[in-house]
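Across the two complexes that follow, subunit A remains constant while its partner is subunit B and subsequently subunit C.
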Partner chain A sequence: MKIELIEKIEGEAFLDVSCRQGKVRDAYVRFPHYRGIEKILVGRDPLDALVINPRVCGICGHAHLQATVRTLEKLAGFEPNEKVKKIREITRFCEMVQNHIKWFYLVVFDRLGLTYDFRTVHVMIQKINMLAAIFSGQWPHSSYALPGGVTCDPSQLEILQAKRLVQSVREHFVLLVGAFDIKNLSKDLKRLYDRLEERDLLYTGKSLDRFITFGSDSYVQSSKILHGKVRPAKLHNIREFGQEKSHAKGVTYKGKFYETGPLARTMLRGDLFVKQLHRRYKDSITTRIFARIYEVGTLLKKIDEHLRTIDISEPSYTPLEIPDGETMSAIEAARGSLIHKVCIEKGKIAEYVIITPTQWNLSNAKNGESSIIKKALIGAQCEATDIIFRSFDICSVCTTH
Partner chain B sequence: MNREHLRSLFTAKSARVDTNKGEAYYKNLYERCRARLDELKKITPLRNIDIAQVLEDEGISRRDFLKWASATTAMLMLPASFTPLVAEAAELMNRVPVIWIELQDCAGNSEAFIRADGPKVDEIILEIISLEFHETLMAPAGHQAEAQLEDAVNNFKGKYLLFVEGAIPVGRGREWCTIGASGETFEEHLKKLANDAAAIVAVGTCATFGGVPAAAPNPTGAVGVMDVVNNKPIINIPACPANPANIVGVILHYVLTGQIPELDSLLRPKFAFGYRIHDNCERRAHFDAGEFVEEWGDEGAQNNFCLYKMGCKGPMTFNNCSIVRYNESVNWPIGAGHGCIGCSEPGFWDKYAYERPMADANIKMAPNGGVEKSVDQFGLGLLTAAGVGIAIHAVASAVAGKKSEGEEA
Partner chain C sequence: MRPKVIWLQGVTCNGNSHSFVNLPDIEDCLRRYDWLYHPVLPSSCTLDELSDKECDILVLEGGLKPGWRKGEFDLEKLFLRLAKRAKKVVAVGSCAVYGGVFREYDENITGVLFSGAQKTKHYKSLAQKTVNIPGCPAHPEWIAFALDAERVKLDTYNRPKELYAYTVHSGCMRNEYFEWKVDAEQFGTKEGCLYYRQGCQGPFTHGSCNKILWNETASKTRVGTPCFGCTEPDFPKRDLFATKTYMGIPATMPLGVPKRAYLTITGIAKSFHIPRLHKRLFDED
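What follows is the complex of A and B.
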C-alpha cells in the first residue's frame, strides 16, 4: 500500500510512504515549491542580500538576516563587539522561542489531540515578539542588523521594558509546562508524556543518532556527535546534492547524514534533562519533542542574562568594507544550523548558496546511506508517520527557497 | 531650492486622499451601513460566537472595545459618528466567510496576521472571524484539506473573501509550483477559487506585486494576483509583511458597507496607503531641520535623527506603518534605527533594495514589465520631484553643517 502525506508547513511538503502490514517500508520526501532566491541574488550588490534573504522565510527571517550579515562580516574578517553580539542573540533567541512554542502547541499538541491554554500561549508569543521588536523594529522580516553591527541603540528604558517582557514570558512558561524534572513531570509536559505512552509512541521515530551543529554562539558551539563521540564540525565538509522530483537539495557531511536542531544542540551542550531522555528513548520523537521545548527555558534564561549584562555604552556599529572573496558561515536557527555561502567578485554577488536546517533533517537517502528522516520512518507504524515527520519541525519555504 | 519649497513638497496633503467628503455623502453612507448591518444580523452566524461575550472573557472592557472602535473608525477615515457602527460591524465579523490560500511565499503574512499579534482587540476579532479555510493553519493533511476547501467554496459561493498570500509563477516556474494532490498550478488554483469569491484580498507584497520571488531575473516568472485575475474586485494590501491592522480594516470595511474600501490606482485601500511613511514619521522634525544620520552608529543615529541619507525610502513609500507600527505597536523599523526599505512599493526588491539613495538607484525592470507600468502616475511624479528635492536638501545640509540651521533657512 502506498500513502501520500501532504503537509502544509509554511509551504508544502510531500511524503511518499509505502507500507506493508502496517509498517513503513520506504519513504521519500518531495518539496514542490520554488522561488529561486539563490538565482535572484546573483549580480546584485552584496548589501541587497540583507533585504532579499530575510524574506526566504516568514518564521526564521532573523536567522537568515543574521546568517547573511555574519557571512559578509566573515569575509571582511570582522568580529562584532559584545553589545552587538548580545543584541543579535536576543532577537534570534526570541525568534527561536516563539517558533518552538507555536510548534509545541499548534502542531504537536494539536496532532496528538491534546488541548491547551490558547490564551496564555498567545500572550507568550505576543510578548516574545514584542521583545524582539524593541531591538529589531518588527517581527517578522526586519533589517536592523547589518555588517558591522546593528542599527538600534537601545536605551536603559528599553532594556528595562525588555527585561519585564522576558520575565513575564518565563513565568507563563513555567506555569504551562512545569519543571523539567524527568522523575517528576507535571502539567503540559506530563500530559504530553502520557499521551505518547498511551499511543505507544515513546520509542517511535528513532533515527541515526548522529548530531551536528555548525553555529557557534553563547548558547552552543559548533560540533558533531558520531558514535557517541563529540568532534568539531568543519563547514568545508558539507556537500549538497540534487534530488529527483523535489526542489530541495539534500545535504551531507563527509558523505554522511546528520540531524540538526534542538535535539542536536541540547545533546552537544550536554543538557542533563535531554541526556536522560536520550539514554532511555534514544533519538526517538519523545527525545526530539522534549528537547525542543526544553530549549525554550534555556533560551529565555540566556535572553535574560544578556539583558542584565549588556553594556549599552559600547558602539552599535563599526564601519566596514566588504571585500571580494568567498566564504561560508553558519548560524543557529530555530530548526537547526543555517548555512550561507557567498562569493563576491568585483563588488557583486557571483554566487550565493543557502543550506537550511530542514535540508539536513529531510534529505532523502543516497548511495546506500540511510538519511535522518528515512531511518526515523522505516519500520514505524504507518499511523505514526505524521507525528514522526512533524517532530522535525519542518519548514518547506526555507528548504526550497 | 529653498526650505519653504521643500516643506510644501513634503507637507502637501496627498491629493488622492479625500478625508472629508461632505455631510450628504456621509449621511447616505451611514444609512447604507445601517441597512447592511441590519441585513447581516438576520443571517445566522457561521460560527455561533457572541463576540461581546468573548471580549469580556478576555478581560477587555466595553470601554476598551469602544476605544478600539473609535481608533479603527479614524483609521478607516470615517467620521467619529460611525464609531457605534464600526463596533457593531466588529461584532458581526463572523457573518463573512474568509478563505485564505498560500501560493509562492514565505508564510510571513500569516505569521504576522494570525500567529503573531496585532493590537489586542484586532487579534481577538481575527480569531473569531469566520476563517473557513486556511491552508497553513487549518488543513489537516492533503486530501482531506482539499475536500474541506471544496466544501467551503460550495457552501459560500459568491460570498467569501479570498485572501491570497504569495506570488503566482506564470513563467518557467508555472510547472515547478503545484498544489496538493491534484497537481494544479498556482495559477489554476487561484483562478478557480477567485471565480466564486466576492472579492479578493492580496496580502503582502508577493501577492500584490510579485515581491521578492519576482526580483530580477525573476526565475519563476512570479507576478501578483492582479496580473492573473481580472474578473473580480481586488484589494491589495502590500508590505512585507502586511500590517495586521490593515487586514482587519479591510475585512471590517467589507462587513460594514458590503463594499470594498476606496482604492488607489494600485488597488490599495486609501485609508492605509493614502499617505507616505514620511508624512507621519516620528523623525520628520529632524528631516525638516536638516539633521541626518550620516553614518550608522554616529551621534545622529544615537539621537534618532532622520535616516534619509542612509537610504530611507519613507518619502517614496505609501503606507501607514508610521502610525500603526508593529507588534502591539511596540516599535517599527525606523524606530529600530533602520530606514524604511519601501517594502510596500512595487519593485522595492530591485529599485530600492538596500540603502542606495534614490539618486543612484539602479532600477531594474522585472522581465514581464507589468508591475512597473502600473506605478501610480501621481506617485511617480512626486517620487521624482521628491528624489531631486531631497537630494539637494541633503547635500545642502551637509555643506551647511547642522549647526548653521538658522542661516540656511
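What follows is the complex of A and C.
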C-alpha cells in the first residue's frame, strides 16, 4: 500500500493505492481537513448564509452563494424574473469558465509537461472575473445575490462593458485551443491529444459510464443517464454516508454511484463533440478532460446571449420573507451538481447540509457497489493515478467544508 | 538574488490564492520573486520538499490550528520553522490575521498575531516582521503591496496604513445619499445609502475597497451589497443584511464620530428634502 499526497487540488487529498505488476489493484481516497461550515450556520439568520457559504470554497464560492439563494427561494415558493435569472447565470458561468481555464492549463497541461501561453491564459482568467464583478462587485466571495433577486442594478454602459469582455475572452479562447472539430484538432487541443496518445493514456480512467445532473438552468436540465437511457433525477433519492478515516461523506443515488460535472452535463445535453469522443473513448480521461474545456466555449456563448437579450428595466429585487420549513435544491457548479439543504425554525437556521460535486465523483466504494473514482483507477497503470485523479478536477476544500 | 517566497495554507477556503491570481501584472510578480511554493500558481517545489527549505518571505493564508496537518507535516510547526528564518511574514486574509470565519466553529483556530482581537503567543516573536493583510479575501493589489513593502507604517493590528487607514465608505458612489441621509429603500437599486437599513459596515470598516476597486471594476457597495466588515477582527458578525439600531439610530457610528455629532448633523441633513436624491438616478424628468 502506497500513500500518495495529491496537492494543488484546492487543498489536498490522500490516495491510498495498492499496485501489483504496475497496475492499480485497490484505491481509497481520504480528505484530511474539516472546517465546520454547516455548524457555523446553526442559529444564524438565514441571510447570513449568503456571507458564510461562499467561504466553503475560494474557487466556486459563487455557486455556493447561488445554491443558498435558490434553496431559500424554494422555501418561499419564489421564482425570480428573467433579468435576475440571466444576471445570476452570467456570473455563475463566468466562475465556471475561470475554473475550467485554470484547471486545463495550471493543472492538466502542467502535469502532462506541456507548455502554454501563460500570459493569454491569465488575461482570460482576469477578464472573465472582471465581467462577473460588473454584476457581483467582486470575485471571489461575493454576496450580491439574495432571496428575491440581486443587489446590482446594471446600466446599459455596464452591459456594453460586459459584452466587450466576453467577446475578448472568446477570441483569446479560440486562438489558444482552436476549433472543437474531432477530425481536425489543432493548437492546444491537438497538443493535448498527442500527449495523451504518446503516453498511452487515451483509453485510461474509464469509469461506470453513469451520469447525473441535478441543477436546471438555461444550459442543462436535471436528469441522469443509466445504461445509455436518459431519465429525470429526483433530489429525494440522494443518500449521504460516512467514510472511514476521511472527513468527506460519500453519496449515492438510489444506492448507486454516478459521475457529475462537465462530462455528465455535456453528455446529457447531447453535445456532438463530446458524444463523438465518448463513442470512441467512453468515459475515459480523454473524454472527461475534453468535455470540460469544450464547456468553456458553450458557456461563453451563453453569457454573450444573455447580455444581448437581458431587459435591464425589469426590477433587480422583490422583497421576500423566508418562512420556516425544510427543503433542498441544486445548482450546477464548475465541478458538477451542488446540493444545499436547509431547515429553518423560528426564523433561524436549525440545520444546514451541503453535498458537493467532488463527493459524487470521489466517493469510495460501498456495499459491493464500485464507485466512480475506484472504477476509474482500478486496472490503470500505477503512474497514471495522478492524472486520472485530477481529470475529475477535485476540490478538497468543498468536499470537507 | 530574487527573494524566495513560500505561500503556505492553513485552515482556509483558498479564496486568497484565487484572489491573488487576479492581479493584473501577475507575470511581473512571478518573475520578481523566486516562488518555491504557491497552491495555484506555478512554483518549483512540492509540499514534501519544503521540509528543509528556507525563504525570505513567508506568506500564510488561512488560520493556524493545533494538530492541523499539511501533507506529512504539522502545519504550525512548519510555519514557525519557516517564519523564524524568514525576513518577512505576510498574513494574507482575515483567517491568517485573526482566525477568521472558521474560528466560529473552533476557537483554537487563530491568526498569526491575533486570535480575534487578542494577541496570540506568537505576537512577541513575530510582530516585528509580520505584515497583516486582512480581508475575506484580501485584494490582490494589497497582497502584492505587502510582498514588496519595506518599512511601511502599520496600525495596531499590523495592517499597512496605506491600505487600511481609509474606511470602505471613502470613495463609495453612495456618499451623497449618506450625507443627506437618504436610505436605500430596498436592495437592487443604484440609489440610496445602505448604512441605515441594509447593514452596511463601510463607515466603520478599515479598507480601501472603494479606492482600489475589485477586479479593477467594482466593489460590494458599488453593486448595492452592504460591506460586511471582513477586514476587522469580529468578522463575521451576525444578521449581516440588517442594520442594528437603537431607537432608530444605527448602533455603530462612523469611525471616530461621537453619537452627538452624528445626531446633530443628520438631524439637520434630514430637515432638508433634496428632491434630486429621492428620485431614480436615470429617471425621465
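The criterion applied here is as follows: the second predicted complex is superposed on the first by the 396 of 401 C-alpha atoms of A that agree within 3 Å, B and C clash if a C-alpha of one lies under 4 Å from a C-alpha of the other, contacts with A are read in each partner's own complex, and residues count from 1 in each chain.
In this text, contacts are C-beta pairs under 8 Å (C-beta built on N, C-alpha and C of every residue); 3 or more make two chains touch, one makes a residue touch a chain.
For clarity, every value in this text was computed on a predicted model and none was experimentally measured.
Visitor: Identify whether subunit B and subunit C fit side by side or clash on subunit A in the overlaid structures.
Guide: Overlaying the two structures gives a clash between subunit B and subunit C.
Visitor: Touch test for A:V56: subunit B only (first), subunit C only (second), both, or neither?
Guide: A:V56 contacts both subunit B and subunit C.
Visitor: Once the shared chain is lined up, is A:D386 touching subunit B (first), subunit C (second), both, or neither of them?
Guide: first
Visitor: Of the partners subunit B and subunit C, which touch A:L272 in the superposed model: first, second, both, neither?
Guide: Neither partner.
Visitor: Based on the superposed arrangement, let me know which partner A:P32 touches: subunit B (first), subunit C (second), both, or neither?
Guide: Both: A:P32 reaches subunit B and subunit C.
Visitor: With both complexes overlaid on chain A, does A:H247 touch subunit B (first), subunit C (second), both or neither?
Guide: After superposing on A, A:H247 lies in contact with subunit B but is clear of subunit C.
Visitor: Please work out whether A:L175 is in contact with subunit B alone, subunit C alone, both, or neither, and reply first, second, both or neither.
Guide: In the superposed model, A:L175 contacts neither subunit B nor subunit C.
Visitor: Of the residues on subunit A, which ones does subunit B touch that subunit C also touches?
Guide: In the superposed arrangement, which is not itself an observed complex, subunit A uses residues 5, 7-8, 10-12, 32-33, 35-37, 39-40, 44-45, 47-48, 50-52, 55-59, 61, 102, 106, 119, 122, 125-126, 129-130, 132-144, 146, 148-153, 315-317, 319, 397 for both subunit B and subunit C.
Visitor: Where on subunit A does subunit B make contact in their complex?
Guide: Residues in contact with subunit B: 4-12, 14, 32-37, 39-40, 44-45, 47-48, 50-52, 55-59, 61, 98, 102, 106, 119, 122, 125-126, 129-130, 132-144, 146, 148-153, 247, 315-319, 386, 397.
Visitor: So in the complex, which bits of subunit A are touching subunit C?
Guide: So the residues of subunit A in touch with subunit C come to 5, 7-8, 10-12, 32-33, 35-37, 39-40, 44-45, 47-48, 50-52, 55-59, 61, 102, 106, 110, 118-119, 122, 125-126, 129-130, 132-144, 146, 148-153, 155, 315-317, 319, 397.
Visitor: Where on subunit C does subunit A make contact in their complex?
Guide: Against subunit A, subunit C makes touches at 9, 11-19, 21-22, 24, 26-27, 39-42, 46-48, 68-72, 101-102, 104-106, 136-137, 186-190, 214-225, 228, 236, 238-242, 282.
Visitor: Which residues, counting only subunit B, touch subunit A once they are in their complex?
Guide: Touching subunit A from subunit B are residues 58, 102, 104-112, 115-117, 123, 135-137, 139, 141-143, 145, 167, 173, 176-181, 211-213, 215-220, 222, 240-241, 295-297, 301-302, 326-328, 330-338, 341, 343, 348-349, 352-356.
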